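By written order: A, B, C, D, E and F. Residues from 1 in each chain.
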Amino acid sequence: MSDHYDRTSPVTGESGDPMSEPRFLEIATFMRAPLAKSLEGLDVALVGVPYDGAVTNRPGTRHGPREIRNQSTNVRRIHPLTRTDPFELCRVADVGDVIFETLYDIETAHQNIEDFIARLVEAQVVPLTAGGDHSISYPILRAVARERPVALIQIDAHTDTWDTWKGSRVHHGAPFRRAVEDGLIDPRRTIQIGVRGPQNITDGWDYSEQTGMRVLFMHDVAAMGIEAVIAEARQVVGDGPVYLTFDIDGIDPAFAPGTGTPEIGGLSTLEAQRILWGLDGLDFVGADVVEVSPPFDSAGITALAGASIMYELLNLLAEAIRSRRNGT
Amino acid sequence: MSDHYDRTSPVTGESGDPMSEPRFLEIATFMRAPLAKSLEGLDVALVGVPYDGAVTNRPGTRHGPREIRNQSTNVRRIHPLTRTDPFELCRVADVGDVIFETLYDIETAHQNIEDFIARLVEAQVVPLTAGGDHSISYPILRAVARERPVALIQIDAHTDTWDTWKGSRVHHGAPFRRAVEDGLIDPRRTIQIGVRGPQNITDGWDYSEQTGMRVLFMHDVAAMGIEAVIAEARQVVGDGPVYLTFDIDGIDPAFAPGTGTPEIGGLSTLEAQRILWGLDGLDFVGADVVEVSPPFDSAGITALAGASIMYELLNLLAEAIRSRRNGT
Amino acid sequence: MSDHYDRTSPVTGESGDPMSEPRFLEIATFMRAPLAKSLEGLDVALVGVPYDGAVTNRPGTRHGPREIRNQSTNVRRIHPLTRTDPFELCRVADVGDVIFETLYDIETAHQNIEDFIARLVEAQVVPLTAGGDHSISYPILRAVARERPVALIQIDAHTDTWDTWKGSRVHHGAPFRRAVEDGLIDPRRTIQIGVRGPQNITDGWDYSEQTGMRVLFMHDVAAMGIEAVIAEARQVVGDGPVYLTFDIDGIDPAFAPGTGTPEIGGLSTLEAQRILWGLDGLDFVGADVVEVSPPFDSAGITALAGASIMYELLNLLAEAIRSRRNGT
Amino acid sequence: MSDHYDRTSPVTGESGDPMSEPRFLEIATFMRAPLAKSLEGLDVALVGVPYDGAVTNRPGTRHGPREIRNQSTNVRRIHPLTRTDPFELCRVADVGDVIFETLYDIETAHQNIEDFIARLVEAQVVPLTAGGDHSISYPILRAVARERPVALIQIDAHTDTWDTWKGSRVHHGAPFRRAVEDGLIDPRRTIQIGVRGPQNITDGWDYSEQTGMRVLFMHDVAAMGIEAVIAEARQVVGDGPVYLTFDIDGIDPAFAPGTGTPEIGGLSTLEAQRILWGLDGLDFVGADVVEVSPPFDSAGITALAGASIMYELLNLLAEAIRSRRNGT
Amino acid sequence: MSDHYDRTSPVTGESGDPMSEPRFLEIATFMRAPLAKSLEGLDVALVGVPYDGAVTNRPGTRHGPREIRNQSTNVRRIHPLTRTDPFELCRVADVGDVIFETLYDIETAHQNIEDFIARLVEAQVVPLTAGGDHSISYPILRAVARERPVALIQIDAHTDTWDTWKGSRVHHGAPFRRAVEDGLIDPRRTIQIGVRGPQNITDGWDYSEQTGMRVLFMHDVAAMGIEAVIAEARQVVGDGPVYLTFDIDGIDPAFAPGTGTPEIGGLSTLEAQRILWGLDGLDFVGADVVEVSPPFDSAGITALAGASIMYELLNLLAEAIRSRRNGT
Amino acid sequence: MSDHYDRTSPVTGESGDPMSEPRFLEIATFMRAPLAKSLEGLDVALVGVPYDGAVTNRPGTRHGPREIRNQSTNVRRIHPLTRTDPFELCRVADVGDVIFETLYDIETAHQNIEDFIARLVEAQVVPLTAGGDHSISYPILRAVARERPVALIQIDAHTDTWDTWKGSRVHHGAPFRRAVEDGLIDPRRTIQIGVRGPQNITDGWDYSEQTGMRVLFMHDVAAMGIEAVIAEARQVVGDGPVYLTFDIDGIDPAFAPGTGTPEIGGLSTLEAQRILWGLDGLDFVGADVVEVSPPFDSAGITALAGASIMYELLNLLAEAIRSRRNGT
């Protein structure tokens, strides 16, 4: 499979895998994967969704995909814990960014996103998306969960189940309320991990809890420990198809300052990784990393965290694809 | 008039002018002017318009007004060239920010801006606005030029007379095309100074030139010198009411990196000041400083430049108010 | 009580609670609380003390209050753990900054601080202060503990019980030695949490321990765990009035780089929050957050931490006020 | 020619020119030009040379090509002065980066560069290179000037004609001494503009002057003015083939802080642009922009300057190609 | 011994210990220790090795020693846990930097390092080195372990036991493979702590494990806890001479962003300190802190961490020297 | 004379001139000059005065000397315009920093400065000082002008001839008023260049003008041109002894953002250099560079500018020393 990853120089005619070259070299695609020319034979599509038109506070996540691409050149192949190589398990490519008809109308932009992801789903390519603000998970779910609702694992400082605000019902604090309403996610198979920070009203927290979502606030996480969080997550989502959405603000601002609505007292990157390591074997059908805002970053560590989490998600997706392929 | 500027401490009962205190002290209003409680007796309103929903590239100017307020605490009263004190000539106050019904629809946001500024105009208070992206000049002009078209002096790297793009006809590259179409500005009494940088099409440049605007590209400015620029500007705008719009990207990125569409080869701050100094005595009816984007700034110098330019504009407005008051 | 928090626009005449608006909007007061016009009916005063004249190393905390005000616009009302709203429990306002007669004499500046806080105490308004260097806790205590000594909970990398240095006995490493000498704090009801870092002499550590303070070094905290720290703190301070002083350098430089004397190996923000959560129900009579130095910050995370800790302290104060009001 | 620049989405099947999309979108190639698949039909190759193994002071230019690619997405097509579109005049593509056999031996790395550029020259594709440290101009010239010496226009704070230092004769302060020795450039048709800053010995200055190069120090430039600089440059290089090398440190550190050996008192970006504008019509056969060091940059302005200068050079190259094509 | 640390002003003739002065004062030597004039009577030499010619990714550690010197002025004498003063136990001095014959040949640079350290070893001065990239540990070990192999405690995100890459067998990912081959370290008395992050091949991990090194990945550390890590380390290294190498990337990027190959999910500084505290009493014969890259740092926290870790290592070395002196 | 500059390694016994080594190497003294052991034979003393206790706005210049030392390692020997080497003309050394008895009393600190500089003057060593805030020029002048008043050339955004403020008559806006009152400078032989920015009162401007100082505001400089500025300066100061004080805020914030009271519209570094170049041959008896505040700097360019200006001043001093030595 390795020739899938090779690039032939138009100048020297030599070919090789960019991921084996020094990390500062060459065009920055996601993890230096090839830029897809078609969807044929592809297993996982790395997608950029540079959209931040639905934020309620600090903007900048439109610059997230490019900077995640840049920092993702620090990522390599084989996982230190599992010793598996997701690039060997699957054919992975960067399929570019969603192109928007308009930047100025959320619904239209969301439609562009849904259409783009739907094409992947139709071609049986699993989407792994880098955002963009969290509103984008809603149109992604409209594409991914078209056939049946999915379970949801959400790592996030906020439940994002709030209602209409300042004229929009699909702003970046609302996607999972809309997803429940549309039957895209099953709230009783949904877990939200890392929630924290004060709110003006409790409506979003209430909505999550009343619809049956399991909400693990950071004070819960601190009390339970990471192992119990993992057990709880596995128990909540069960056996069916699962979508994972990772809002980078689930991680503490010391580890991920470059985001729109930072809240102190979050997960460390190691805690986040440990949670993800604990989710192996679930039937993942897609995933995203959102809310990386490079203009507010420092030393590139948020984009690096985003890229590294994306690599962890790729491992989960690749494992799930292998399981489905093997009928296990 | 000095008691207009005094603030009484709710704790000590003592009162004094915050502008005389150390610059790191107290709440940051624009130039530490009082926070207006009413418009009565007010001559100049300092207005924040934290809106960046119409940008085509890097966002962040929603954070402009607050950071300009912060840096404007470095500003003081008496101008070194004219030795006049605009705070003595006029009653100046910070009237707060435009409050938006929605963040997600440009037209509605623009209507909020127009309504806000119209109230000032009706109360015969001259608006001096800190943006926000350049689209805001369009609704401001709809309020300021309601009765008759005004002349326009625009310092800017771009003509901002481009047409519909990505679904919006009122994005931040279009305000002065819309203002011409609506009869808000007289293109033959309009001058655009500092234009530069490549474009994909020439439509905006063409529109400016074909409607009769005087466009001074940076290569023209370099060839003419600042004195000739001033003479040209005065000759173009003539005697009637004039609005001045200052896009911070008119200044070079070395002096103002924190902006959405930086272009190298711009004006220095001293050249910009010299141009403004040369415009004294014109009949200014309003002004704005736009496109300061703090997330892209470095060492706060763009916000400081924005605040300092705002002070220069205050001098021009105060002088015009005095002239109108004196019937000269 | 909600009209306490409303602001009426001088332009539109409409009124509303700024805390409900987008966080980048409007003048930055502490937590967007109203700027007090009098102390009448007020329960908690948010105070800025922009003074750094007593530092021994890096300066810059004079810029702390303004930047904490800026970042505090990210704070909202209802606490995720307790589900209470301190702004409903109490009337809270920003009373502005202490105005200094001189910047160049610590004793005079301290007298200005003491006088300012004393007015609040006399009016039965509880002070919640944002510093400034740690020396300011000494004059605050002179006002707060005028009637009787108070217990002290101090989160800090240093004991700040050192003696005269480079000509001053009231520099920012000495406040709690002076407070003991003046009978303002009861050392046997004092706990210092998070102490670490090498020293040239042991005099300060010795003073704390010899006067009966409980000093929890970070190696102690690591060994005990957070729950034991809380139990110890509650046991030490007991039932009487308690003052809480939070030096931001108690938190690790990864979470709070913007401070004057950073020491590696500190608390995470979550650990600090957990300690504060564990202190509910104590009889708090005042609190401060000090040593936030914006010029040394990165990505604003230290000021955000300072603002967020200030919100936690507001919860503790509001709860104590309710208890005292209810006679419980 | 426009379909040359189109990219077809592997997902939607739609095609379009990335340069017309929002600037934060999609993979960052140089100026969002297509990533070449072959050299066929190509006129100008945009080349990255991420090599900084030959620096004498601060490293980091290995990260230059990627960050210039990133900032070059701000560049568009039509030049404001000439109103020509170099992308219409020529077929332009990003051919990727030189791949290095070793990072640890300058001579081998230089050989890799020479071989890469030689392939372009053989295919009659003009190289426009983004460095990398200035040593790379030497192997580029070995490829470009294989047939005959070329004239050289060098904008630079240093003459880069110094001799062996710390064990290397091809470090980044030596390329043009080596190029003279090898007969690659004609020193009497060489001009060095912007030289400044103290030196430990005068050997490099002496070498330039003694071999007949025209060295314009910044004190000369300040005394002569830009128009005279242009005239001098045109007179020195005359009619034959010319190579242009632009060391970003020719520009002042206020405009370009991100470089290895900054020297105050340099050119502004506008002065640099004006010089380049004055060089139109010369017979350019290649060009480079070197010494952009992103780790030392602030707010991305150095990479933006590098990308914008690269666009100016593209205009000069495109014009020269048109002239040669037209036999004029 | 205190006069060892005094400096006499050439101006006033007064003498005193710079470490007792404000931390922003005077020349920045390591920990403000005296700049040695000879090795006579010296116990510990603080050495700078500003070399980054062997990196595979981001450069910049050549600037490490100077910035560590700068931040080390925040360090003081007495350890808060042990209450001992390493400057009293030993005579400590800054001996300056290794001077390099060439910057462009790794082997020669390594020889310069070996020769320099060998002189110290011959004079029975224990070296405590600040790097520089990790390749420098190899020539240091060639000097320190000349007589017999040493045990190795390595805190690091990578095993650095990889083989030849891009033309070098002594790049910064290879030093401990070379050290094993040369018999400088005993792999069965070697422990590597904090390893993490994906790799393209498993060769380095395999080499470590196959030669008998104990590799504690971060997933192991998280599972075991710090106390077990300490026990394991003590058990592995046993009683003989031990060298400690601390790659700053062993610490998480939130705590140490300024490094060449950051990997998320690392140790906190407190965890690193706790490990070092647990190693007291071992027979240390030298130590280094490497891979601090100031150009990639933010707010100086990486250099501060480097300096603070260096202080911890000084304590371990001083204790070992005392033990050897006392024959215990 | 070159052995004056050599340093012998305590380790290798080899000696050499640190200024010839790579610029990132070794201890950062000013311009890598030797750290003086006595004043014997010394011509110029490079002095650090890390004092910022007298500022009225942003602090941080206490960190100036160390960061100027750091950036001054970029400076080398021979001047590109004059081709002279000040290190050959004179014996130059770093004599360390003024040590302060107290940080908290301006008068005492000033006395420490005066005493320190007086020792140099007594030993006939010319002081070249790096500050520190501008208040330090007053005690320096008390030492330098003890015998007779000196002429003053001041490059500065402010006249610094203001009166008592916030309790101090010797704050950093007052030194030259105090110096006139004490007869230390002759106001009729004083020129202030680069003044700009609004003020609350005109008292300082008035004082300068009324005592006969020549004040060149930036609007004057822009109107006159640099050549006329030089002529005016030479004419004002005449033949007698001259002191030069260079406040870095005389330079524009784009070139020098790291300062306490930045004002837009200042000199470029090239303009500042050109002014200094024009002052050769005057009878300089001392000089200083002040108000470099590293915490507010970006990319180190302010400290680099400070170091580079210091080098220019060294040239002026060395030339004056040579003239006096030669009796010309």
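As a convention for this text, a contact is a pair of C-beta atoms (placed from the backbone, for glycine too) under 8 Å apart; a residue touches a chain by one contact, two chains touch by 3 or more.
All of these numbers come straight from a predicted model, not from anything done at the bench.
Any chain touching chain C that also touches chain D appears here: A, B, E, F.
Following the contact convention of this document, C, D is the list of chains adjacent to both chain E and chain F.
When the contact pairs of D-F are matched by residue number against B-C, B-D or E-F, more than half turn up again in B-D. When the C-beta contacts at C-F and at B-F are tallied, the pair with the greater total is B-F.
Mean C-alpha position of chain C lies 38 Å from that of chain E. With centres defined as mean CA coordinates, chain F is found 55 Å away from chain A. Spacing of chain A relative to chain D, judged by their CA centroids, is 39 angstrom.
Residue numbers of chain B whose C-beta contacts span two or more other chains: 22, 24, 56, 58, 62-63, 100, 103, 166, 252, 254-255, 268, 296, 298-299. Contact between chains, per the stated criterion, is found for A-B, A-C, A-D, A-E, B-C, B-D, B-F, C-E, C-F, D-E, D-F, E-F. Those residues of chain A whose C-beta lies close enough to touch chain C in the complex are 56-58, 166, 195-202, 205, 217-219, 222, 252-255, 257-258, 261-266, 268, 296-299. The touching residues of chain B, counted against chain C in their complex, run 7, 9-12, 14, 16, 21-22, 24-29, 35-39, 45, 48, 50, 62-63, 66, 69-70, 93-97, 99-100, 103, 115-116, 119-120. Only residues 19-20, 22-24, 74-81, 83, 252, 254-255, 268-270, 273-274, 277, 298-301, 304-305, 308-309, 311 of chain C touch chain A when the two sit together in their complex.
Across the complex, chain F is touched by residues 52-54, 56, 58-60, 62-63, 100-106, 108, 166-168, 171, 295-296 of chain C.
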